[in-house]
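A, B, C and D are the chain letters, set down in written order, and residue numbers restart from 1 in every chain.
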Amino acid sequence: MNVGFLGLGTMGKAMAANLIKAGHTVTVWNRSPGPFAELAALGATVAKTPADAFHGDAVISMLADDASTNVIITDDLLAGAPKGIVHVNMATVSVAAARSLSERHKACGLNYVAAPVFGRAEVAVAAKLNIVAGGSDEAINSVQPLFDAMGQKTWRAGVDPAHANLVKISGNFMLAASIEMLSEAFALTEKGGVDPKLFAEIMTSTLFAAPAFKIYSEVINARRFEPAAFKLALGLKDVSLALEAGHASQTPLPMASLVRDHFLEALAAGHAEKDWSALSTIVRRNAGLAG
Amino acid sequence: MNVGFLGLGTMGKAMAANLIKAGHTVTVWNRSPGPFAELAALGATVAKTPADAFHGDAVISMLADDASTNVIITDDLLAGAPKGIVHVNMATVSVAAARSLSERHKACGLNYVAAPVFGRAEVAVAAKLNIVAGGSDEAINSVQPLFDAMGQKTWRAGVDPAHANLVKISGNFMLAASIEMLSEAFALTEKGGVDPKLFAEIMTSTLFAAPAFKIYSEVINARRFEPAAFKLALGLKDVSLALEAGHASQTPLPMASLVRDHFLEALAAGHAEKDWSALSTIVRRNAGLAG
Amino acid sequence: MNVGFLGLGTMGKAMAANLIKAGHTVTVWNRSPGPFAELAALGATVAKTPADAFHGDAVISMLADDASTNVIITDDLLAGAPKGIVHVNMATVSVAAARSLSERHKACGLNYVAAPVFGRAEVAVAAKLNIVAGGSDEAINSVQPLFDAMGQKTWRAGVDPAHANLVKISGNFMLAASIEMLSEAFALTEKGGVDPKLFAEIMTSTLFAAPAFKIYSEVINARRFEPAAFKLALGLKDVSLALEAGHASQTPLPMASLVRDHFLEALAAGHAEKDWSALSTIVRRNAGLAG
Amino acid sequence: MNVGFLGLGTMGKAMAANLIKAGHTVTVWNRSPGPFAELAALGATVAKTPADAFHGDAVISMLADDASTNVIITDDLLAGAPKGIVHVNMATVSVAAARSLSERHKACGLNYVAAPVFGRAEVAVAAKLNIVAGGSDEAINSVQPLFDAMGQKTWRAGVDPAHANLVKISGNFMLAASIEMLSEAFALTEKGGVDPKLFAEIMTSTLFAAPAFKIYSEVINARRFEPAAFKLALGLKDVSLALEAGHASQTPLPMASLVRDHFLEALAAGHAEKDWSALSTIVRRNAGLAG
């Protein structure tokens, strides 16, 4: 397929590269030129403006957040886009932003698919992402070959694109809560004289034998927070998106509130650029544990 | 082996039966005579008093909580027990109770092993429990054949029996926190128009693909809280044990505090005898969701 | 003085009336015409547009929130305003909105004073408001006669208008937290068999002999939530403003998070239009108390 | 009156001295002899054992907590006490302990009055305590002259002595929550550039014009945590008593849970012996504020 790609951060660059490797024709754009050389070497065409990449069979965007998405995906861009094109927004944006984007595309005769992903950078590189797609079946079907090149499985969240974002946001809330949960359990065992690694081994070999718990138990107990696979400041952003969605739908989420407060403690302590599992540093400090 | 067994609740009865089936000679005692006939039919000898069962190669107890344990395991009982016998306490008792029991046994020349288990009733029946054993290697080795008859694996938590209880309590805190986490995520998705079953399927097929999340997602979304596999009142007890242990070691556990408050809400709403996953009923009510 | 007044809700209407009674010449504007007749009868001139009221020595606005303020106080309005006029915004807006408004006024050569107030409707009627003013001393001095006509005291929060809003927001957080605190204490005493009115009398006659505690103890124990002196939905808005300000400055506010979650529970239970002290209804329900 | 007095800590010593000054005949006992000389100089008789002081018209105890009360107030002591004597326990003990003590006294033909007090050391010295008395009217009437010598007012909490303790515990929960509330509000204003002392002045001159807020605003902003007027470890004890009472009556107290967790953080950070308002140190640290 002939596809544009906007936003070449760690995730976007890996995803665009996998599209090229799968044989798709890819035109890339990014705010800063850093990733261009590497992708051009693989065969990508480099666009000078977002509009230059917003054509072909479909365009994918992987921009940082609501604000940067709205700065790039302007009304002018949408008005000038070829009618009928499918825009697949794979970034984690808010439910409210998804609603607004969906309406703005419809008003311009464009198709909007939300397709946020589960998976950290190394998962994106391995083309093993789990993709949660929301939008019309027809639009999703048309871009399925692109999803197949980037992910291991596509989950359909329904025809409302915002539903896919809600799934992503709710899932990230669960990950953040799991980091807090593990951190508290490890602090409790360590202060009681039990090696948290032994405790983690028992738990992740039995009831909690899940990737989320294996990965974060290992990272937390090794305190390997740099380089960040997912920055703590972004973790706060995502938990805040869950709280916003809960506010809008009148759903109290006290566990998300707790995690948000701890992320703020972590920011105040200077951990914004570390991996979000550095939340455990705060739990340890609060328990009087060093390091 | 020749073994006594005190406490024949749902768990204890299944565990004693598995010992008999594995060829051990078992003398059972229980406060009420309900389970006697079934176990006698399998070949158990029924004791009239705890002391009558407190002999042989080892004695196992599976009593409800700290209070009932201390009522049965009296100083007189320990003073009259054969020197060198190994008492394996498989119940979930507090860290403080474990410390005290351990000292009282030592003072009487007896061996004390704490061996709490992970696994609900059906797991006990299937002899698939995960057993966390704390105590001297010699004592644990001597009762390993009994563990093998009841569980799928024995995890060694160190020579301090209380450490095994701390592992169990910390693990149960994680389970309770997971129930709260799932309940909040399901409420958020449902109120946003996403089927929580679809969300659960995505999560438990990917990052949260572990028994804890599969079991409780299924139970919560089916709202199948009766009969209780583990009563909510006992869930509150276990989270309170985690908070007590945290208090003693100066470890704040805000997530445990949150779950405890919700368990209290559930008790006040009349759910004490339901499964502890009925915690989700409270989360749903608080979000304005019916049923 | 010759003064415009934008926004004639319960508070605004009472404040404008007091300005007229004190001898000032007042031109009023409101989105809906409901309050016009009453104020015209007192001597007010009714403006057809916000711009028609945005002239004279000063203009006061008392609009509902950030959104409605920004809809009325447009760039066109400010560009067309007489240079040097002082705009006194007495509504509770966010710290971020205050910063933005302050800059937008400066760019148009206008003076911006933030002057949020403490006091419910009956306090506004009695001209007994506590006014917290932020802005240049010169600007505040010039409108002091207006403040004197509406309030019992003006507190100076410094030259940055946003500081006045932060004081107001922090104060409203304290009020909301006090409502939660009283509600929990009353639930605890009532469930233990002690009359919460007796408990309230002891507390508010001694350590807690403050208006906030006397007023809300009385309202909560009488369960007199309608008509609302301050609507619960607005209470949620103000606690959210505190959390936003805390987010921006990396200040975790776990007590505000807790209160926010309870306000959301109250909204989900249908109490949005009741007085914000109806938060106690949720605390009572969660404790299993009726009514 | 002829009165015994058990427990001469900071509070007890001041209270006993005021009894002597008011003309009562006082026999004092304490575990350690430190306070004897000073009270003997005022005219007190020093008893060698608790039993030696447990006679006369009434006996007052002011012991540290449940445990020390139960160690001193033994069954033997009560069995040997003169029938009909009134024992006034003015310490802060748990609701459960109050219930048990009340029953044990009744079984020995003795009168038990619970009379916990509000007021720190300087208030005790000034004989300005607020006394909350629970017990039979007859018993309370008989010791009213003693209360008049120690306090400014006696509040009657009903005939169940435990009710007085519940009032005291609920009141101390409110004080602890107020310390947290002030600490959060001060952190929010300080990080936003507003002097917390100015904010405190506005609040405590208006809606929060009460001793609790004036005292603790002043202490927190001056960071004058030593010497402790009321130790942080005792604050944790009292909040734990509130949570225990809430557990027993199925009353969730999330605000108390939050404060308890922060007290634990403070203990883990080494502040046990400081004033309980040093809780604010934790709130400041969590917000990234120094000192």
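The rule is short, and it goes like this: a contact is a pair of C-beta atoms (placed from the backbone, for glycine too) under 8 Å apart; a residue touches a chain by one contact, two chains touch by 3 or more.
None of the values given here were measured: they were computed from a predicted structure.
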item	value
Neighbouring chains common to chain A and chain B, by label	C, D
Centroid comparison with chain D (C-alpha atoms), farthest chain	A
A-D or A-C, whichever has more C-beta pairs in contact	A-C
Distance from the mean Cα position of chain D to that of chain C, given in whole angstrom	38
Approximate Å spacing (C-alpha centroids) for the pair chain A, chain D	53
Between chain C and chain A, distance of the C-alpha-averaged centres to the nearest whole Å	39
Shared-contact residues (touching 2 or more other chains) in chain D	246, 250-254, 258, 265, 267-268, 286-288
For the chain B and chain A complex, residues of the former touching the latter	95, 118, 130, 132, 155, 157-158, 160, 162-163, 166-167, 170-171, 173-175, 177-178, 180-182, 184-185, 187-189, 191-194, 198-199, 202-203, 206-213, 242, 245-246, 249-256, 258, 286-288
Chain A - residues contacting chain D, complex	254, 265, 267-270, 286-288
Chain C to chain A touching residues, read off their complex	240, 246-247, 250-254, 257-258, 260-262, 264-265, 267-268
